[in-house]
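Got some structures for you, see below.
You will see two complexes here that share chain A, one where it goes with chain B and one where it goes with chain C.
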Partner chain A sequence: MSTLSLSLPDERLRRVLSGPTLWALLAVAAVILPAALGPYWAFVIGQAAVVSIIVLSLTLLTGFAGQISLAQSAFVGAGAYTCAQLALRLGWNMFEALPVAVAVGFFLGVLVGIPALRLRGIYLAISTLGLAVVADRLVFQLPQLGGLNGLSLTRPRGPVDLTSNLAMAYACLALLLILLLTLWRLRDGRTGWWLQAIRDDERAAEIAGVDVALYKLLVFGYSGAAAALGGALLGYLSLHLNPLDFNALSSVSYLALVVVVGRRSLAGALAGGALWVVIPQVAEGISRSASQALPIALPLLLVVGVFFTSGRFKLREALRLGTA
Partner chain B sequence: MRILLLGLVAGSIYSLSAVALVLVYRATGILNFSQGAVGMLATFTFIFTAAHHPTVLAVVFGLVVAAALGAVLGGLTGLLGEHRLEATVLTLGALGLLQALAQVIFGGHPVALATNLFPTGALRLGGALIGTDEVIAAVLALVLCGAVIALVARTPLGLVARAVASRPQVVASLGLDERPVLLISWVVASVLAAAAGLCLLTVQPAPDTVSLTLTVIESFAAALVGRLVSLPGALIGGLLIGLISQAAELGVGVPGAGEAGVFGAMIILLTVLPPRPVRGAQGAAAAL
Partner chain C sequence: MGLLRAEAVTVRFGTVVALDAVSLEVNPGELVGLVGPNGAGKSVLLDVLSGLLRPESGRVYLEDKDITPAPAFWRPWHGLTRTFQEGRSFDSLPVELNVAAAACVRGGGFLSDALSLPWSMRSNDESLRRARSALELVDGAHLWGSPMAELKGGDRRRVELARAICSRPRALLLDEPGAGLEADALDLPRLLLRLRDELGMGVLLVEHDPALVFGVCDFVYALDTGTVVASGLPDDVRAHPEVRRSYLGVA
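Presenting the complex of A and B:
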């Protein structure tokens, strides 16, 4: 099973767009664009960065370690709600609450990882979906946690002032960069090899001396932590938490994104974040009622993407067919 | 007693959707995540048609919509051939897509039923009151379950379906084409899912799209009792899950407790009765 990668017709263009040049271009764009385009676009770019963080949590789990999770919405929500509750009850600001949210995400991830030691494939998928439903219905809608009205968050003024959209966007981008570098090192390091061994054949990995259980738990933990980080940032970015943002079906959207942009690709995760904000913008240009554009487009992309990833239909052949 | 009765009513409806889930899984090795969404779309089609047209027409229209969706899903997954894991992911995409389409077409709010599907009233059973319509829905669901089990066990079509489920190579070597059987399984299962959705209206008179879509989790938990392959197992499992869900929901009294109970049951079932590998579903170590 190959990942879905856009095969550009021109090989040279493709070579330029992959590797160092691409990353350099992205870095320059990340520094310049939020400042150049004004506060609204800074907010949009921040959102793309946060969604990229969430997609990366799945790149790690699904792409590197071959585990599937539809509970990502629960981790995202856990991160956001941890921050909101710490702010509400203890008056903690973002710099104090963020590490706690990440730790909570890690802990929950490990907890979900325990049944995952026994379950795989579709059984893991449906159990994690069940968990996401429980988190959504039982926890996030609790009246003590703000109920259906949700909760508000405020951005910190000090030690670094993040009250403007621009500063917040840079903060999100910086954390995204840290996560990217971590995953990069992890993928090409020894851990990456072991995760790949687990993904390809668990029993063989076990025989080769990989502590499969430990690595699975850790990878679920890190994935939960990354998703919680994304959720917390999402809260500080949009300043308001709505329990509906963390409903179980948004997990399907996250999974759709990571499958469509390439499960193992770090650059793909950035494309995923970009898709998340670009699709509604485009839809808004076409019609006014565009609030459903994302929930429609992502599953549609998933359905189409499945055909390409299955190798039944090759994009390149389809393109050639189109030009012939 | 009331918990018991309500649990059995909800349970028989879960049985019906679990039987539908098993029907497709046995034949194709695909776990149809979108089944709840298909049932949901059919149910909402019914509700909106029934507001302006005769009830019978609305029911037929709802079932036709479900059958058409089943045919499309069957056709698409058929195109994927032996890529069963991908096909399962495809049904996951279909879940999201149907859900989003329903939001656009029917709006995101719960909708109350204008006319009742079954005659209403109250019955006293063992010292507890229960709606006549709920009893009718439960009996109807159980009868449909029985009909499917009989269809698979007793008819020539059922024989071929069982052959396809257990020995696809033999079916192929006999020169039989399995594709019509697979497609029929998808269509029948979708219609059953729609029927389950309609029956669920008696328990949940004002459903929202998301909760109906997610009943696939209850169906899955129920189907696990039969290790995802046994139709009678799914029937019993549905009743069990209904009882657990109602006992948790009404016993604890917190919204979402029912879902938590079902989830707990699902995890226990998955560890105690691991599903039997069906064609192509084994070796799914690398998810997706």
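Presenting the complex of A and C:
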């Protein structure tokens, strides 16, 4: 096979990059890279895993159920602050606090989903953004929650010692893997069929026996839970929370990210998460703020999106997302 | 008695009376036609029966159970489904999932799907199995695996019909299944008789084509401006002066 077709490099590459080969490569990289590159890059890889988790929180919601959420920053922040408060007030470690953070995220997600029963498109976007702004300005900045100085977190020593960046990175990757597995199963099973049915035609979905309201709330809950998981891990990874990390506008970045890398593609979400964190590292040396990466990362991610969507960036579809 | 029954159903949109105390009954294994000119209220009645529209007054019974307050998604799980006049489908799903999504197989849900629990997997498989036999019943087995968005006219109707019978309903509401199709795109008389005779369904057929309605139906209701103006055996209804004037356009 020496004739590498020049006319369709894109198609070829895409096939390789979306098959089992890709997942095998990713798995090997996830095991080897954090250990091989040293503690600093282990930290960066952990961050990439966390951003991927946050992006994946939108894959099912936006990509499959066709709902739009600009409240992800609130879920992310809620996850992080739940853990920090439980540590501060009750002395809970990560293993104890994480399930609570996920549950809080699920509950908030369902709450945000309630307006989605009536609103769609741009109206839903605005109402969810409203929640993100409230969380950002009125909740996360409360003096009782640490105010603008934020809060500190410590990584657990037992039952598994996660104090090193390497161990923490593996923990983030492991949770990313679990999330991926659940997404896979949801996507390929009846829940995935039903969510897509809801996106395509809600009335027809009702007549097909889908409890549209229930599944909308569940998918919002799932999205909130996944984003809160990402936020909690972000807290334990960076050891410090600052309300500015959860500003409402970062929700816009997350949504932009998931649309650009292909809002239905699991691999695209991983690529998005990785590039999001790694690009500014390479470009600026030490920028840890995700929002600063936007101007650099978006064009690059566009290229990635070309591979993971349908071979070309569906601009029209991306724009329609705002109104459909 | 009776599979599906509407009792004195009234629907008003503002000051317009869309349905005025309409009563109707469909028995098991019976093909019932519902005819009338445009705006007579046929589709509104189907919306009420399928739960998409709450009537202002009146009741709907499915096997003598009052289902008036039951939400639309509840009905297919309990033996009542429908198709739409404009032909609705899930265009981002392939044909087989369009159908399987409506299989109404119990067992499994969001959480058990996420965890791939055995009963979820069994429900997936059973849904696909039912989708295959539903597609076969409407002569659409060859469409398995096709992207829905690529199908046209008759095949889209076939898939929608398969979706409506995939849950093996006892009562089926068809809203102009032949609308907008070439005459030979779908062999409707044969399909309708198959649903009635092989599956024993009670079918309520809204149809514009008098030849089809009066040719295959066992019983016919004629609706005009929200009231039943005639009902009975096809020949009797066809001869009714009201029907001749308003529906058949004969003076």
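The rule is simple: the second predicted complex is superposed on the first by the 270 of 324 C-alpha atoms of A that agree within 3 Å, B and C clash if a C-alpha of one lies under 4 Å from a C-alpha of the other, contacts with A are read in each partner's own complex, and residues count from 1 in each chain.
By definition in this document, contacts are C-beta pairs under 8 Å (C-beta built on N, C-alpha and C of every residue); 3 or more make two chains touch, one makes a residue touch a chain.
Keep in mind the model is a prediction, meaning the values are calculated, not measured.
Q: Given the superposition on chain A, which partner contacts more residues in chain A: chain B or chain C?
A: Touching more of chain A: B.
Q: Using the touch definition from the top, say if A:Trp194 reaches chain B (first), chain C (second), both or neither.
A: A:Trp194 sits against chain C, while chain B stays out of touch.
Q: For A:His240 in the superposed arrangement: first (chain B), second (chain C), both or neither?
A: Neither partner.
Q: Check the residue A:Tyr222 against both partner chains and state whether it touches chain B (first), chain C (second), both, or neither.
A: Only chain C is touched by A:Tyr222; chain B is not.
Q: Just chain B (first), just chain C (second), both, or neither: which does A:Gln141 touch?
A: Touch partner of A:Gln141: chain B, not chain C.
Q: Touching A:Arg185, do we find chain B (first), chain C (second), both, or neither?
A: It touches chain C, and chain B stays clear.
Q: Now for A:Arg157: first (chain B), second (chain C), both, or neither, which partner does it touch?
A: neither
Q: Could you tell me which stretches of chain A are touched by chain B in one complex and by chain C in the other?
A: The answer is residues 199-201 of chain A.
Q: Can you list the chain B residues touching chain A in their complex?
A: Chain B reaches chain A through residues 31, 33, 76, 79-81, 83, 85-90, 92-97, 99-101, 103-104, 210, 213-214, 217, 220-221, 254-257, 259-260, 262-263, 266-267, 270-271, 274-275, 281, 284-288.
Q: Taking the complex as given, what residues does chain A use to touch chain B?
A: Residue list for chain A touching chain B: 1, 62, 66-68, 70, 115, 118-127, 129-131, 133-134, 136-139, 141, 199-202, 247-249, 252-253, 255-256, 259, 263, 292, 295-296, 298-300, 302-303, 306-307, 309-312.
Q: For chain C, which residues are in contact with chain A within the complex?
A: 50-52, 71-73, 75-77, 81-82, 84, 88-93, 97, 100-102, 104, 108-110, 113-116, 120-121, 123-124, 127, 163-164, 167
Q: Could you please specify the touching residues of chain A with respect to chain C in the complex?
A: Chain A reaches chain C through residues 181-182, 185-186, 189-194, 196-197, 199-201, 203-212, 215, 218-219, 222.
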